[in-house]
Every structure is written in structure tokens, then in C-alpha cells.
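Next, two complexes with chain A in common: one pairs it with chain B, the other with chain C.
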Partner chain A sequence: MDTSTIISIKELPPEENMLPGTAACAGCGGLLTLRYCLKALGDKIIIVNAAGCFTLLTIYPFSPFRNSWLYTAMACAPAGAQGVRDALDILIKKGKLDPEENLKVVVLSGDGSAYDMALSSTSGAIYRNLDFYYICYDNEAYGNTGFQHSGASPFGSRTGTTPPGKEVPVGSQLQKKNLFDIWNSHKPPYIATVSPAYPVDLMNKFKKAEQFKGPKLFISHIPCPPGWGFDPSRSVRLAKLSVETGLWPLKESVHGEVEHTYVPKRFKPVEEYLKEQERFSHLFKPVRQEDALKSIQEMVDEYWKKHEFLP
Partner chain B sequence: MLRLRFHGRGGQGAKVASRVLGTAAFLDGYNAQDFPLYGAERRGAPITAFTRISRDDIMERGLVSDPDIVIVMDETLLLDPQAMPLSGLKIGGIVFVNTPLSPLETKEEYGIEDHVVTLDITKVSLDMIGKPVLSSLAAGVASRIAGIGEGALKGALEKELSGIISDREILGKNTDAALHCYNALVPVQVKTAETIRERDNVITLPFEIARVSSPAINATGNTPLRKTGNWRVFRPVWNYDICTRCMTCVARCPEGCIRLNEDGYPYADYDNCKGCLVCAEECPVKAITKVREIHSRSEEGDR
Partner chain C sequence: MGKEMLTGNGAAAWGVRLAEVDYIPAYPITPQTEIIETIAKWISDGSMDASFVTMDSEHSMITAAGAASATGARTFTTTSSQGLLYGFEMIYTVAGWRVPLVMVNVSRGLSSPITLGPDHNDILAVRDSGFLQIHCETCQEVLDSVLMAYRLAEDERVLLPVMVNMDGFYLSFTREAVEIPDMEKVRSFLPEYRPEHAFFRAAKPMAQGVAVLGGDFYSYFKYQMHLASQNALEVYKEVCDDFEKKFGRKYGTIDEYMLEDAEYVLVMINSFSTLGKAAVKRARENGIKVGLLRPRFLRPFPESEIKNALEGKKAVAVIDQNISVGKGGIIYSEMAGCLYNEVDKPLLLSFIGGLGGKNISQEEFEFIFEKMISASDTGIVEPPSLLYTESELEGMTKLKEIAGKE
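Moving on, here comes the complex of A and B:
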């Protein structure tokens, strides 16, 4: 692939490596992310898919992909990727597979898998310096089984298992795990956060990752219309808001060195993002939960202060 | 015993409709059962839910394969081989269809031999609630057809919806819309035979070992054949007089189903466009408008 950077959406590769007609919800931000990722990766790949919404993209006898696809249970996609990588390497070494026929190995998983169940197998794969791409589409819950709380669910959100009520009006009381930092502490060659609202940034990160052998990890923060509770047409708008409010920093790490790739000129108040979603509606109605709203804003401000983008 | 089957699309509220009906029947002194069928599909895909109503104990369990009443909340489902809402309908059964067509037109359009009742509940919902969410309205029509009293329906709406909708105003609008639909229909007598029409019946698959039952797919890129275009309630329509060919809509479509014509102007593959309207929302010059899909007459709207 040509690794020069692009500057506008007009330069996105025209090839579509994922076709329409899938079972994903209308307006799924994860599907949009995947469409861009496959533009960047091309079709000589094999996707190892942990159970989740995206296992449903391929339902017998249909597949939206031009590439190969393998389905695993939630906890073991990185282990599956290791097996596929080893098999490809051995076949090439024995001369049974033309090196031209080599495939890039790509793990695709939701946050429930990436942040929780598959964390140990991912850690193992990074530790072994497995040469693969890992894409996590993070809808901040276990989307496929009814939007239950995951390690990625943010403080103050309503999920299937953290309904706000009399005892706990705020919903989820836990803070989202910092998967970027967890991965980064393993010092893999390349990690990035991406967003479906910033396809140029996403594309350039994949182009950059291309040069590294070893784990190349991507987390995409993706709006989920049924889980988050908003009209599907607002999907890209919400992805933009999560970045513009500073909630989802766009950054990358090369061998452990972190750099932000986009910093909003003026941070929008997080409320603008929260108030558009049903999963945060209890923070505004019937009574405004000032403390919760304030602490969410403070958490964002602290992050950017620590990185010296805010005084 | 009356057996009902609701056919809707994920997000339209088939599950809630069957639940409201079950509760309404219970409040009216019947025994009732209601439950949805969760398949592998998502918002927009065909969804089924069931209700059983009886004066006696209900000893039957499992899916309703031979309903007396079928509630079709989205008329495109009538042609969808994945949904087949009429399968197993008892002779003399009642089919409710959400459509702007009259019962006679609907019978002709879709070749239905049984008693058809119609109402454009999507329009009622857009007019009265402002959104195409049909749960309470479908519960309203189903209650009328099943002969449930208005008071019981009201009680069930309050009981079931207050747990889901926190905003009292929206809850009120839902109740009004449901009662409007209830009263828009004339009462019918449900007198079904115990026999079903011999067509399109539910096929029971035999148990197979994993090697047979989890087959591999050896085709690539064939999902366009699934034609998810009938998931739409609204379609995007382009105005080339103002379109600047900036490519934003092409880039932003989650499905990747916007193409370019010979002049470089974008158009949607309506066979697969799910109608999310991200394209319309993101177009910087507002060259894309949202047009209500009227399925039975939609052909001329295609490019």
C-alpha cells in the first residue's frame, strides 16, 4: 500500500472491501469504522472475529467480505490469530504457499471482548510480538446480547445491567478502563485510537502502522444507535462530539511514545455529547444530577491538563 | 384460545406491542402469555413476537406456528422470505397490515385470501408521536382485533410503558396514539377454523452434527443479495441542483451503498440502503432530503 498521508475524504481509496446488505443496525458507527479499515487494509487479509455484533455480518450463506473470515468465541480471537499466523508462516516456509498469497491477520472485536474477556489472550499476543492488526469497535457495552455493562462502559451511563434507580440514580458507578494505556504498557510497535467521524486520521494511522511488524492495535469509539438511544442519522455527529468534547482523544503510540493526532481548538462541554443520548438521559431528567455531570467534565479536563493542552 | 403473532422490524416495537397486549388481556380477566423471538438480527431486521390469550389455563408453550391473528407492522415483511408473516395462518384468520392501502387493495397487492384489516399506523405515529415507533399503536390495533376492552388497554399501556419511557409527555402521546388506532378500527369477530392454509409453512429443521449444521461460506461479497433496502422508513433523495459533489455522503454512508453516476453525482443503491439518513444529516449543503417510504407504491421513486 502507498504509505503517503492523505488530507481529505476525496482521497479515501474508492474500493469497497465490505459490501452492503449486512445485518448490522442502520447507522452503526462500528460498521462505518470497519468500512474505512478495510479500505486501508485491502482484501488480502483474514479477519478473526470474536463473538459480538459483527459475527452477524457473515451469516450463512452470505458474507459481506471480499476476504477470509474466521469466527471465534469472545475470549480467544488473539489466540486464534496466533494460530492463523503460525499456519501461514509454516506453509510459506515449507514452500506450500506462495509468499504472494500471504495474508494480513486481523482481529476484530467489540469492547466486551477487548476490555474484558479477551484481555489476557491479547496481552499474551502482544507479549509474543504477534504480527497482526487488532481492531476493537468500542460501543461501551456488550451490544449483541442486550447492551450490558462492560469494562468500557463510562461512568454515569445506563446499560442493561446498570439501570439508574432509587438506590443508584447515576447508572454505572465505575470508570471506563483505559485500554490504550493497558496496551501501551506492553510497548507494542503501534497503537492508535480512531473514530468513524475522522476517516482521514484513521486511514493515515493504518498507513503508518503498515511499516511495523508486530502487534498493531486500534480502538475506535463507535456510536451505537439502539444501545446509546439516538436516531441513526446522528451517528457521525455523535462520533464527532465525543472527540470535540475531549472525551475520546485521538492519539497514537509508536513503541510506547504517545502523541495526540488531533486536538480540538476549543473543547465543547461534555453535556453537548451526553444530552443527545437516551443512556445519559437520567442525568438530566427528572432532576439534573449536577455532581455526576460535573465529575464527568472534570475527568475530561484533568486528562487534557495532564497532557498540557489545557491550563 | 387466541394466538397472535406480531411481525415488525427491530426498533419498531413488536416485542413491546405483544407485551402490552398480553397485559391488557390479563387486566381484562384473561390468562395471557407473551414473548419475543430473539434471532441473530439487529435493529431494522425482521423480528417476531407472540401473544396467547385464553379464558382457560394456557398449557401450550413455544412459538406460535399457527396464529389466528397476524399483526404485520411493516408491509415489506409480506414479501420478505426471512419473515413470511402469513405462514401457518389459520383459515378464517385475520391479518392486520400497516399500510396506506385499503384492505381490498392490500389483498390484491399481496395475494392474501384471509380477512385483512389495514391502517397506516406509521403515519399516525409520525403525526401524533413524531417518530416511527409503533409499539403502542400495534398494541392498540391488536387489542381491538382480539376484542380486549379499552380500559384494559389503557391500564396496560400505563403499566408497561412507564417502565420504558421516563418522559410523561411522550408516554401520554403514545397512549393517545394507541387509543386513536384502537378506535379507528371496527370490531371484528375472530372465528378461525382449526386448519391452516397449505403454503409457506414453518419448516422444522432436523438436528444435524456440527460439520453439517455449521457450514462454511465459500462465496465473497454476496450480502447485497439480501436487499436490506426494505428496512427503510424514510429514503434519502438527492437534489442535484444544489449538490456540490463534495463526496461527503459517499464517505459517510455506513453501508457504503452510495455510488456515483456518469456525471459524478451520488446516488444510493436503494436495494440495500437501510435509510439511516447519516448522508442527509452530514451533507454540508442539505442536498439530500428525507422522503417517507410508501412501499406498495415505491417503484417510481427509484432512480
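Moving on, here comes the complex of A and C:
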């Protein structure tokens, strides 16, 4: 891949490595992310998948991909990536495999796998400096099983297992885990957050990542129409709002050094983002959860203050 | 290469080395660690050209092993007990991938209570997964079985992973004289692995482990695994013939000891059957016509060989070194299922013995022989019993006193 920076969406590669006609929901922000990722990665790759919505992208005998695919289980896609990578390397070294036949190894999982169940196998793979790409589409819950609470679910959200009620009116009382920092503490060569609403930023990050051998993470904050509760046509708008409100900072880390790749000129109030989604509706009606709304806004402000983009 | 004194673990490691395995993901657990340490040392000193990686758990280890196998590398891994159970989810997954992985399990009792001594609940827990299971009595058999396992697993009529099992401590750490076959001869028996079915290459994209929607398709794939496992019985005969031709050692799906003219039969697996054989020999000196049958395979289950071997026998005692809590001995159930429709079937007695490596004494074997004889005299089969001596009970009672429970 040509590693020079691109500046406009017109420069995205025209090739499609994932074809239409999948079982994913209309408006799935994850699918849009994946489409861009595969444009960047090309077709000489193998996707090692963990249980989640995207497991159903390949259903025997159909596959929407131009590349190879291995479904593992929810806890261990990074370990599957290890096996594939090591096998390819040793077969090439022993002269049993033409280097032309080599593949890039890509893990694909949702947040439930990435933040929770596969954390140990992920930590192991980063620690061993495995040369792989990890794409996490983060819909902030266990999507495939009907949107239950995961380690990525944000404070104040309604999920299948954090239903707001009289005793717990805010829904989830826990703060989203910080997967970016968890990875960063392992000091891998490259980590980035991305968004399907910012494909140019996404593409450039892949271009940059390609020069590094070792673990490379891409976390995409992805709108999920059935889980978040909004009309599929507004998917890209919501992805954009999560960035424009400052909730989802677009950033990257090269060998542990963090830089923001996009900072909104003026941060929109988080309410604009929250009020568009059914999963936060209990924060507005029947009574406004003033404290909860305030604390969500404060959390965002604190982040940007810490990074000196807000006074 | 001649003979060397090797432990069961050492013999397993030699099998892996001779099979010229490409890849070994590993994770330690007693009593299996000697296998991976031996291999790690060989790789480090250059006597083995393979890639070795210590994983973060057995769940990851089995995943990596299966994935490497699916990529076309000859792969080995090994575990025991809790490790096997920790990887349980992936045992089924990897079997479904239909990849020729070979794995050694060194049997050890399962928690809780936690223990180190062997029994077979670990390996039997994964009985229905699709892995073939070979069970070994001697160190030589361990080495030979690893080589035969690759031949079987890589045969396109089988394409299923194989688990080679041995008892922890009793075999894993017992030194025996083991013939280490010549490398060239091994190559003529087990050529380099050239995958033809499942492997990932840039020029030939392939999806593996994909979802199926609906029971029609799921049933089809599951039954294909069953048929492939059954195929292994035939393929194994060819493998054994070739093995005998090249190395002079003869193996079958079952091992028969003094069985031909026996009236009474012990059924046991793994290294404790050596104790059983010694007891049989002594009983023969006392004029009791007894023999021993040791299934080497539990999956596929060698039904017809077992039926043939037991034809016309008066009574059969199965000594299960396992306990299906709430049911009893697992191999007893398997044997009962195997013999149920036979017209002229022997009486079938059940004993649970050797749990957690507990010894089975000569007296206990004699007790079993008596039970078989009286059952065949009276036609009455007593309910299953646990082999447990008075003095063992005394010892246990003392511990309970110390614990303040008596």
C-alpha cells in the first residue's frame, strides 16, 4: 500500500473486498467500518473472528469476503491469529510455502470479546509481539445476544442487563473500560481509535500502521441501530456526533506516544448525541436525570482538559 | 538409533521430534511439563527445527494449535487435567475444523479436591468431541503412538485430531528402555505433511469454522465427523501393518493378554493394566483361567474387536479409573452398550479403582476374580463397587479425626 497521506474521500481505493448482501442489520456502523478496513488491508489477509454479530457474515457456503476467514470462539481470536501467523512464518522459513502466498493476519471482534472475554488472550498476543491487526467494532454491548451489558457499555446506558428502573434509574452505573489504555500499557507499536464517519482518518491510520511489525489495534465506535435504538438512516450522523461531542476521541498511539488525529473546533454538548438514542431515553423522561447527564458531560470535559484541548 | 531409558514424557517428546513437527504452542501443567521442556530444549540447541511458543492459557494454546494446523503446519501440543478442561471449548472447535492436530494428554485427577495422581476423568470428559483417543500402557507405546497418530490424523479418510493419553506419574515419570526409531525409517513411515484439504493461502481464499444455519446442515457435518472417526479403524489397520513392517512392533485397537483360552476377563486401560496383567499371571498359576483386554482406542470405540475378543467368555470385570458421578464407571457403560445386543454375552461386572492414582493391590484383583467366578456360578451380578481396602479406610478416618470431623 502507498503510505502517503490521503486528504479526501475520493482517494479511497475503489476496490471492494467485502461484497453486499450480508446478514448484518441495516445501518450497522461496524459493517461500514469493516468495509473501509478491508479497502485498506487488501485481500491477502485472513480474518480470525471471535463470536459476535460478525460471525454471521459467513454462513455456509457463503462468504462476502475476497479473503480467508477463520471463526474461533469468543475468548481466543488473538490466539487463533497466533497459530496462523506462526504457521505461515515457519512454513515460509522451511521453504514449504511460497512467500507470495503469505497473509496478513487480522482479528475481528466486538467489544464484548475485546474488552471482556478475550482480554487475556489479547494481552498474551500483544505481549508476544504478534504481528497482527486487531479490529474491534465497539457497539458498547453484547450485540449478537440482544444487547446486554459489556465492559464497553457507557455509564447511564440501558442494556438488556442494565434496565433502568425505580431502584437504578440511570441504567448502567459502571464506567466504560478504557481498552485503548489497556493496550497502550503493553506498548504495542500502533493503536488507533477510528470511526466509520471519518473514513479518511481511518484509511490514513491503516497506512501508518502498515509500517509497524507487531500488534496493531483499531477500535471503532460504531452505531448499532437495534441496540442503541435509532433509525438506520441516521447511523453515520450518530457516529459523527460521538466524535463531535468529544465522547469518542480520534487518536493514535505510536509506541506509547498518544496523539489526537482530529479535535473538533467546538465540542457539541453530549446531550445532542444522547437524546438521539433510545438507550439513553430514560435520562430525559419521565424525569430528567440531571446528575447523570452532568456527570457524563463532566467526564468528557475532563478528558479534553487533561489533554489540554479545553481550558 | 537404539534404545534409551526414557520416561513416558521423554518418549512423547521423542515422538514429536521424530515426526518433524513444525509448531508447538505450549502451557505448563504437572505432570506434562517435561514434554514441553524437553522439546523447548531441543529447539533451543538446534536439534529440532520447529517454532515453539508459550501461550497465555490452554484455551489459547489449543486455539493456536488448531489454527496452525488449519494453516498447514504439522502441529503438536500437550496438556493434562485442568488444562484439558480449561481448553474444553476449543477441543470441540478444533475437532470440527477437521485438522490433523496431535495432542498428548497426561492424565491426572480433576479438582476438586485438587490432586496430582492420575485417573481418566480428564480425558474421558472430552470423549465425545471428535478427537480420536489412543491410550498407552508403556513408554514405547507412547512414542510409537505419536507417530501413528500423525499418520492417522493426516489421512484424508480421517482428518480428525488425535489425543494420545498416558497416566501421569505412573507412566509420565517411569523410565523404561525405549527403542528410538531411525529418522530415515520414520520418514518412510510418516512423510512430510502436505495438506490438501484445509489450509490458508493468499491465492486460494477459504473460510473455515463458518456458521451453519439449521439442524439439517449441522447434523450433516457432525455425522461426517462420526463417519470419519469410524473410518479411522480401517485406516489404523493399514497404519499398524506398515508400522510393524518398518519397526517390527505390532499394535492393534485392543491389546489382548492371555485372552485366547480365558473364561474370565479384566478390562482396563493405560498403565494400570500392567498391574492387571501381573495379577492375571499369578491367578493363572493358581489355575484361574483369566485374561485381560486393554482397549487402546476409546474413540473410535473398537466394537467389533471387543465383541470378538469376548465371545464365549463367562464374566468380564471392567475396572474403571474414572467416575461418572451419579452413574458409575464410564467404560463399563461403554462395554455394556457394546455387548447389549449380543446373544451369547458374558456377565459384566463393574469396579471403580485407582481414582487419583490410588493403588490397586493384588488382594483387590483377587477379590475381583472371586466376584467374577461367583457371578458366573450363580448368574447374579452384584452392583458396582469401589475398590477400597480396610487399611485405606483407616487411614482416611485418621485424617478426618485430625480435621475434627469425626
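By our rule, the second predicted complex is superposed on the first by the 311 of 311 C-alpha atoms of A that agree within 3 Å, B and C clash if a C-alpha of one lies under 4 Å from a C-alpha of the other, contacts with A are read in each partner's own complex, and residues count from 1 in each chain.
Quick note on the criterion: a contact is a pair of C-beta atoms (placed from the backbone, for glycine too) under 8 Å apart; a residue touches a chain by one contact, two chains touch by 3 or more.
Not measured: the values here are computed from a predicted model.
Under the stated touch criterion, which partner chain does A:92 make contact with: chain B (first), chain C (second), both, or neither?
Neither partner.
Touch check for A:58: first (chain B), second (chain C), both, or neither?
Both partners, chain B and chain C.
After the superposition on A, what does A:48 contact: first (chain B), second (chain C), both or neither?
Once the two structures are laid over each other on A, A:48 reaches chain C alone.
Is A:120 touching the first partner chain B, the second partner chain C, both, or neither of them?
So A:120 only meets chain C here.
Could you tell me if A:299 is touching chain B, chain C, both of them or neither one (first, second, both, neither)?
Neither partner.
Tell me the contact category for A:26 with respect to chain B and chain C: first, second, both or neither.
first
I'd like to know which partner A:83 touches here: chain B for first, chain C for second, both or neither.
second
Check the residue A:66 against both partner chains and state whether it touches chain B (first), chain C (second), both, or neither.
both
Jot down the residues of chain A that show up as touching in both complexes, chain B in one and chain C in the other.
Shared contact residues on chain A: 56, 58-60, 63, 65-67.
Can you check the complex and tell me which residues of chain A touch chain C?
Touching chain C: residues 43-44, 46, 48, 55-56, 58-60, 63, 65-73, 75-76, 78-84, 86-91, 94, 96-97, 100-103, 120-121, 123-124, 127-128 of chain A.
Taking the touch rule as given, give the residues of chain C at its contact with chain A in the complex, in rising order.
Contacts found on chain C: 22-23, 25, 49-51, 53, 55-57, 59-61, 63-73, 75, 89-90, 93, 192, 200-203, 205-213, 217.
Contact residues on chain B for chain A in the complex?
By the definition above, chain B touches chain A via 10-11, 40-45, 166-167, 215, 217, 219-228, 231, 247-248, 251-257, 269, 272-278, 280-282.
Under the touch definition given earlier, write down the residues of chain A that touch chain B in their complex.
9-10, 12, 16, 18-29, 31-32, 35, 53, 56-67, 196, 199, 225-226, 232-237, 281-282, 285-286
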